[in-house]
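As written, the chains take the letters A, B, C and D, and residue 1 is the first residue of each chain.
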Amino acid sequence: MSGVHGLSEAQFATLSEKAIAAKEAAYCPYSKFRVGCALLCDDGTWVTGANVENASYPVGICAERTALVKAITEGKMKFKAIGVATDIVPPASPCGMCRQFIREFAELDMPVIMFDNDGNHVTMTLEQLLPVSFGPGQLPT
Amino acid sequence: MSGVHGLSEAQFATLSEKAIAAKEAAYCPYSKFRVGCALLCDDGTWVTGANVENASYPVGICAERTALVKAITEGKMKFKAIGVATDIVPPASPCGMCRQFIREFAELDMPVIMFDNDGNHVTMTLEQLLPVSFGPGQLPT
Amino acid sequence: MSGVHGLSEAQFATLSEKAIAAKEAAYCPYSKFRVGCALLCDDGTWVTGANVENASYPVGICAERTALVKAITEGKMKFKAIGVATDIVPPASPCGMCRQFIREFAELDMPVIMFDNDGNHVTMTLEQLLPVSFGPGQLPT
Amino acid sequence: MSGVHGLSEAQFATLSEKAIAAKEAAYCPYSKFRVGCALLCDDGTWVTGANVENASYPVGICAERTALVKAITEGKMKFKAIGVATDIVPPASPCGMCRQFIREFAELDMPVIMFDNDGNHVTMTLEQLLPVSFGPGQLPT
């Protein structure tokens, strides 16, 4: 049977498990809103992240960006998929700041898979989530 | 003759002029990328903004968010349109962080009008720019 | 009688009044932590701000940065003093992100005056709040 | 011979090596300003980070915050020291936003050791870098 958005069934299952498990690492005493994120890197390895908040709210970092800076600074620059899990139904989507952060590194057709608390998910590509995006090509050089 | 996205022709012309003129106020010694923003508030008044950068790049604030915090803290909480002007062609779109900031206050069908350096523009609604957005309703209460 | 930190008594009184009044404009449904800010510009004019939060907490903007982007984009680039007011005792200080934002524009000896909810205040210079700061001079040109 | 700020000589040497080496992982096409960071965790393990920039400058993440979110989401919540390395002389200090981020997790007397490009360093405690800080205890509960 075919996989989902270019992922094998096993990869999809792992993405789901890892994104959901990553919520355990959240530091979110202010919002109480746990978010877990799992990245499937191009080389087949996995990187996970969770949100890390701050008493000065704007200083905190979301789960998606946590996972990405981990990956990037470990030399993993290309990605096959990103999964995001929260405790609500229907699933939450990445905030606009995270969509912008993902945009810097991911192909526009990379799937972003959002898992809710009931075992369901919604999938959209990065381009669907951040159409006509602002990106590296538009800055003066 | 009918207007554009619910704006009268005069309003549209003013939005364009104000967004373009607002670029003059940009403080962007690092990117050299000037952005101007004009907000048409629900009460018919105008608020403008520009990008304000910082030596620590993540600390800077984009033009759209500058205009919005001005408006919000002056008690203007509802908006008819937002215009964004840059010096490039085709026009630049708001970054994801700004789309998220706008989302907190604007209706999903509010037009975001992007002006380029050749007198042309592209219009999209907030919902088109930030589909399936993460918003206030999703946080625990 | 002499004034405080280079301010006349009248200026100090106005700074206090304006910072405290500015709290009314806060949009802080998530933290419920109102912050007001008043800037005394070099030309003797005043600019105020308040915190504007977002459902995605890291996207919000503090009161101090709100006041500063207002001032900067109105062409006011030099400041005599900044006042910050909250509803707690003893007074809250600006977060590190705001100290960094102020650093871009203010002299190191500019007073930052923090007002608490009991009519008391604490004053420190920017340099005292952000010693050995990272600033514009350290970036490659 | 005694160590530095509670670190053994070997720990200090490792901190320096790791912070400097971490610069290699920086993604900084916009600022061209590489920053590396090394964290010595309370359990004796090490976590490193580097700056990860974005075409929308405010969306980027500094080296110090990258290292910290890695550590925090791996369950390392306490730290003995943090080292920051750049390519300039004298050494750059953490920006205010990072000082605030560190503040959420570190003791006020934790040493922040800044390495320059000539093999020299400057050490300050977190409290020296962010005096009278805004922290978790000040928010309403």
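Everything that follows uses one rule, which is that contacts are C-beta pairs under 8 Å (C-beta built on N, C-alpha and C of every residue); 3 or more make two chains touch, one makes a residue touch a chain.
This one's a predicted model, so the numbers in the text were calculated from it and none came from an experiment.
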Practice problem: Would you indicate which option in A-D, B-D or C-D repeats the interface seen between A-B, with over half of the contact pairs matching by residue number? | Solution: C-D
Quiz prompt | Between the pairs C-D and A-C, the one where more C-beta pairs touch | solution = C-D
Quiz item: How many angstrom lie between the CA centroids of chain A and chain C, rounded to a whole number?
Solution: 35
Quiz item: For chain B and chain C, what's the span in angstrom between their mean Cα positions?
Solution: 25
Quiz item: chain C to chain D: how many Å between their CA centres?
Solution: 26
Practice problem: Quick one: which residues in chain C touch 2 or more of the other chains? | Solution: 30-31, 53, 55-56, 59, 61, 95-98, 100-101, 103, 134, 138-139
Quiz item: Where on chain B does chain D make contact in their complex?
Solution: 30-31, 53, 55-62, 95-98
Practice problem: Spell out the part of chain D that touches chain A in their complex, as residue ranges. | Solution: 22, 25-27, 29-30, 48-50, 52-56, 59, 61, 65-66, 68-70, 72-75, 97, 100-101, 103-104, 134-136, 138-139
Quiz item: Within the complex, which stretch of chain B touches chain A?
Solution: 31-33, 88, 92-101, 103, 122, 124, 128-134, 138-140
